[in-house]
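As structure tokens, here come the structures.
Next, two complexes with subunit A in common: one pairs it with subunit B, the other with subunit C.
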Partner chain A sequence: MTYHAPANVEEAISLLGSQDNAWPVAGGTDLLVQMRSGRIKPGAIVDIKQIARTMGTSAKDGGFVIGAATPCTALLKDDALCKAWPGLVEAANLIGSVQVRNRATIGGNLCNASPAADSVPALIAADARCVIAGPQGEREIAAAELPAGPGRTNLGKGEFLVEIVLPPREAMSSDAYLRSIPRTEMDIAVVGAGVSLSRDKDGVCTQARVALGAVAPTALLVADAGEALVGSQLDDSALAKMEEAVKAACSPIDDKRGTIDYRIAMAAVYTKRAAKIAYDRAGEGA
Partner chain B sequence: MSTVHIHTTVNGDPVDFLSEPHTSLLNVLRDKLDLTGSKEGCGSGDCGACSVMLDGELVCSCLVLAPEAEGRRIETIEGMAQEGQLHPLQQKFLDLGALQCGFCTPGFLVAAKALLERNPDPTEEETRYWLAGNLCRCTGYDKIIRAVMDTAAEMRQERVSA
Partner chain C sequence: MSGVLEKQELKIVGTRPVRPDGADKVTGKAVYGGDYHLPGMLWGAVLRSPHAHAKIISIDTRKAAALSGVKAVATHSDFRESDDSDEINAGETMIDIDAAAQMCLAKDKVFYDGQPVAAVAATSAEIAAAALDLIDVQYEVLPHVIEIEDAMREDAPVLHDDMFTQGMPETPKTASNVSMRLEKITGDADAALDDADVVVTRRYTTQMVHQGYIEPQSCVASVSADGQAQIWCSSQGAFMVRSVAAAITGMNLSDLRVVPLEIGGGFGGKTTIYLEPVALVLSRKSGRPVKLALSRDEVFRSTGPGPGTIMELSLGATKDGILTAAVMDLKYQVGAFAGSGCGAGVMHALGCYRIENTRVTGCDVVSNMPSTNAYRAPSAPQAEFAVECAMDEIAEQLGMDPIELREKNGVKPGDPSFSGAPLGQVAFMETLAAAKSHPHYSAPLGPNQGRGIAAGWWVNHGGESTVMVSINEDGSAVVATGNPDIGGSRASMAMMAAEVLQIPMQKVRPIVADTASIGYSMLTGGSRTTFATGRAVCEASAEVVEILKSRAAMMWGVEPDQVEWHDGEARCTAPGSDEAPLGIKQIASQTAKTGGPINAEIVVNPHDALPTYGVHICDVELDRETGHVSVVRYTAVQDVGRAIHPSYVEGQAQGGAVQGIGWALNEAYVFDANGRMDNSGFLDYRMPVASDLPMIDTLLVEVPHPTHPFGVKGVGEVPIVPPLAAVTNAVSHAAGMRFFDLPLTPDRVYAAINSQS
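This part shows the complex of A and B:
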């Protein structure tokens, strides 16, 4: 195995395209574990952390750009990002331990394509876009379109994720992410629920996106769950409609962490809680 | 297999070593540099026994590739005592019996020191969450948490009187 730390995007693309069985690495908290267990045997590791564009957060066009190799804990240092997207920052900082989060990235969380990845429902609820660089130049896709199935992505040969872009935020908008785990930390989500919404000064929800993790082969957007909230003040009937939409969207597996019925029931419960938190946050300072 | 030449700083001293690129920083520390204080409990990021500081950030050295150490600053448990003087956390762990077999201790000490440098007055809850990535099979954690909280209180006191 060879190790490369390209200094720019072009070099990284050429290494990923030319080296045999080349894998990009950001924090390495999934990749190294998979190497150790023998699940993958990279011929080359392309460390993207020396590429300036992949590191750090910045405000852009009213939204934010997050470099794909930015560690989860670094997100906490950007006050404006934490204020606009508290749910996404929290989701990223539920991952593992401090030791893990000082290395782990939301880019790696997304590209690892685990159905239970914690930051992914929050990214999808946020309508985040992925800037992907490759031999054909750069393209942009929605976060929801990057994972293709458990452990598989829609990235082509030589392509890698450079940046994650969060859209401009309207006034009175916020988000939240909650997960159900048997322990209080260091565990894999049984279900994860991300909600991002906007409301007006009368408390009426004007826009909402709901995304779920760990209940299908990939994290998913549940469009009709979001729509169920629009036009309401999150009263019981709107929430009940949202819960029905959430349950209908789930197609989870049965495993030691939770049965199918349990996961479906919990998806509804956690989505409701996350929606209320996002709604209250959006109303703060109103 | 290609060997790479790495230049780094460990506990303040410049260090050069040769390594295969897939080797972990933990294995370099233990097998090439004879710094066997950092332990391998799992090799998968779960136990924290391999905790070190990398450019001032707490990380699991089992999840860092040796070539990633190029040009970086590494601090390990071996650098914690200064001129034969134990760090207050080390002394408190001894005084309160916050260890039994001691396998987890270097990782807990490195992690706890990182906590107190960021937050000299952590709550018990903050301390427990911060140390969630360090596993101990012996103590049941209470004595460890007690030792960290007591050290924090003492270090605050010293700062006031200094």
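This part shows the complex of A and C:
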């Protein structure tokens, strides 16, 4: 196995395309564990952390750009990002422990393609876009399009995630992410629920996106769950309608972390709770 | 000697000095099993069964042995042929050598996923791992069985064709998975149940749970050309390691020296061994030191957890709350081999209470999972969980305060014990009273909160210990014991020695000696070390004081009984004497002229350990929408005899409570359809993390042991007994419905609440 730390995107693309069984690495908190367990045996590791574009957060065109290799805890230091997308930053900072999050990245969380990844429902709810570099140049896809199934992505040979782009934020908008776990931390989501919404000065929800983790092979955008909230003040009937949409969208598995019935029930509960938090946050300062 | 021990104005015992091993442990300098390396050392690796139950047809190690860098390969055939009757007394349990050897390397069958089958030693860990891939094992896979009731069915796959249930009036002629049955009867339980005013009849279950010690097992073994050998490892008893490793490999005990390294938790799990005999064989074959270390996955898949249970109980009482009858049946899921089962469960189940008519039956059931081992108060938490939950229901049905119900029935000094002999100075009543008057017990509860209480007891052990106390020429002292320091025993040994010698604790250095440097000591288990080894420390220190007095007498030319020992110095009481006192340093620096070195070796084997009792108060908050239970307040009240170092006694109570809470709320083994463990890591084997828990408050109830020099009773095990029922009773009150099956995971609680409404 060889290790490479290219300084620019082109070099990384070339290494990833030319080496046998090459894996990009950012924080390595998933990759190293999988190597140790014998699940994967990379021929080459391409460390993308030396590429300037993959590190750090910045404001751009009214939105934000997050380098794919930015550690989760670094997101907490960008006040503007935390103000605009508190739910996304929280989601990224529920992963593992503080020590793990000092290494782990939001880009890696997305590319690891676990259906239970905490930051992914929050990214989908945020309508985040992924900038992907590859032999054919750069392309942009929705965050929801990147995972293809458990442990699989839609990245082609030689491609890797460079940046995540968050859209401009309207006034009175916010987001929230909650997850169901048996403990209080150091755990993997049995269900994850991300909600991003906007409201007007009368408290009427004008736009909402709801995304779920761990209830399907990939994290899901549940469009009609978001629509159920639009035009409401998150009254009980709107929430009930949203919960029904959420339940209908779930197709979870029974496994050691949760049963089908429990996952479906919890998807509704945690989405409702996340929606209320996002709504209250959006109303702050109104 | 007794004169010194009878002086009881305590200056050191009961204070909270810095522990002697503290600095190295918090700075990372302490050497644990995994830290040990030797020049020329080889790395061992173990090939494990991927099957839950299979016959081994053949093992071909030729390709592995031929791999460059591989220096030795081992299989079961490298062990000494053992007799079925070979057993080693490990204190609370017996270690069956044949079974222990098969848990190191399988013989002709594998009984669980993860059972070792072959091992290699190579010049690097990578080569060792690669060599494992070259070992060709042919299996005939057999049907497997995991759950107790499945294993007891007539048509169940039988693990051991020579297992004929022991303890029956007539030993059965067909083999089964029930290794033994046990029965204990007093009075006429059935008739008394019929006459009882209130009867609670319930079925309870608990899951197999791992001790979760933070340090995986690790050892280095080195066999010399003349056959002498050394092992460096962490364990709960270096002498136990020596006995078992020597028996499995066919060595003389005197040829094997075991050096104890620091231990990162044991909780009973390190009262047997899984690696050392394999490392010995690999070292013998390669001529080089060999290191073997388990990963966490291997710890879960191949070391012994505590057994799961199915328990049925009928408990009867009068309308005044006097318990009159109990019928109880306990089935323990003991894993692949016999042992570690219902014995202590039958003994402990009803032991907190005076009940005239009882019938307790128990059985041990083997199945295709790792063979269970001791886990803190082994087998008692399960049985007492059932009883304490039923007690809560009786109290509720009678409209009686649950502590008052226990006070009406709790054992007192002089009541008959399990064996029939009268109980000594037990302090259950004092512990109950302390819990009842604790502010926690009457504090108001918030919405969706519930409070549970439960009691528990553990018998505690004494056992054999050797201690040597030596006085250095500068007047400082060394206390050598043969027990590892798992829970702060160096501190308590040094404190007791300093108290008797009447010198500052910092002048006393405690060490954990290897098996060639001190006489035999039984392993650390049964909450025995501060009690039994501590007694030997007191007696050895007292003997040293007598020697110091006689040397001072010699220096003064007076009789020894004309010398008194005060504040670490000899004072002359001879009539008319105006001699200045002689300090310990002045005496110790003159030993060449007064008769040689000053030290004392003492052996003890006390049988008068006293049981201890705990009463825990637990508040939980239930999230009814999710089934999630949060422990919001927890108080552990415990009878401790006398706390030598109260911080470490409180730490025992807190640690036991936390392990019990984990047992109650989330911990369980998960097996897939093929009988392979599906959660062999701390991510999915969910012990509590710090944020799951409130501060565990403790209250130590001190009723000193009347015949121990400092009143010590065993404290380490009893605190894991009450939490299972304290949590469950609290959840039952918060939910308004009863729970009987552990763990109380959010999905199970959610399902129960919703099936009710």
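For this structure, a couple of remarks:
Note that in this section the second predicted complex is superposed on the first by the 286 of 286 C-alpha atoms of A that agree within 3 Å, B and C clash if a C-alpha of one lies under 4 Å from a C-alpha of the other, contacts with A are read in each partner's own complex, and residues count from 1 in each chain.
The definition used in the following text is that a residue touches a chain if its C-beta (ideal position, glycine included) is under 8 Å from a C-beta of that chain, and two chains touch if they have at least 3 such contacts.
As the structure is a prediction and not an experimental result, all values here were calculated from the model.
Using the contact criterion defined above for the overlaid structures, shared-chain residue A:Met35 touches subunit B, although it does not reach subunit C. By the touch criterion defined above, A:Ser180 reaches subunit C but does not reach subunit B. More residues of subunit A lie in contact with B than with the other chain of the pair subunit B and subunit C.
In the superposition on chain A, A:Ser237 contacts neither subunit B nor subunit C.
When the shared chain is aligned, subunit C comes close enough to touch A:Tyr262, but subunit B does not. In the overlay built on the shared chain, the residue A:Ile188 is in contact with subunit C alone; subunit B does not reach it.
Judged by the document's definition of touching, subunit A residues 184-186 lie at the interface with subunit B and also at the interface with subunit C. In the complex of the two chains, the subunit B residues touching subunit A come out as 1-2, 4, 20-22, 24, 43-46, 48, 51, 57-60, 62-65, 67-68, 70, 111, 114, 129-130, 132-134.
Remark: subunit A residues 180, 182-188, 190, 256-259, 261-262, 265-266, 269-270 touch subunit C in the complex.
Considering their complex, residues 625-628, 630, 665-666, 670, 678-679, 682-684, 686, 688-689, 691-692, 745-747, 750-751 of subunit C touch subunit A. Only residues 1-3, 5, 25, 27-29, 32-33, 35-37, 45, 47, 49, 71, 73, 96-100, 102-103, 184-186 of subunit A touch subunit B when the two sit together in their complex.
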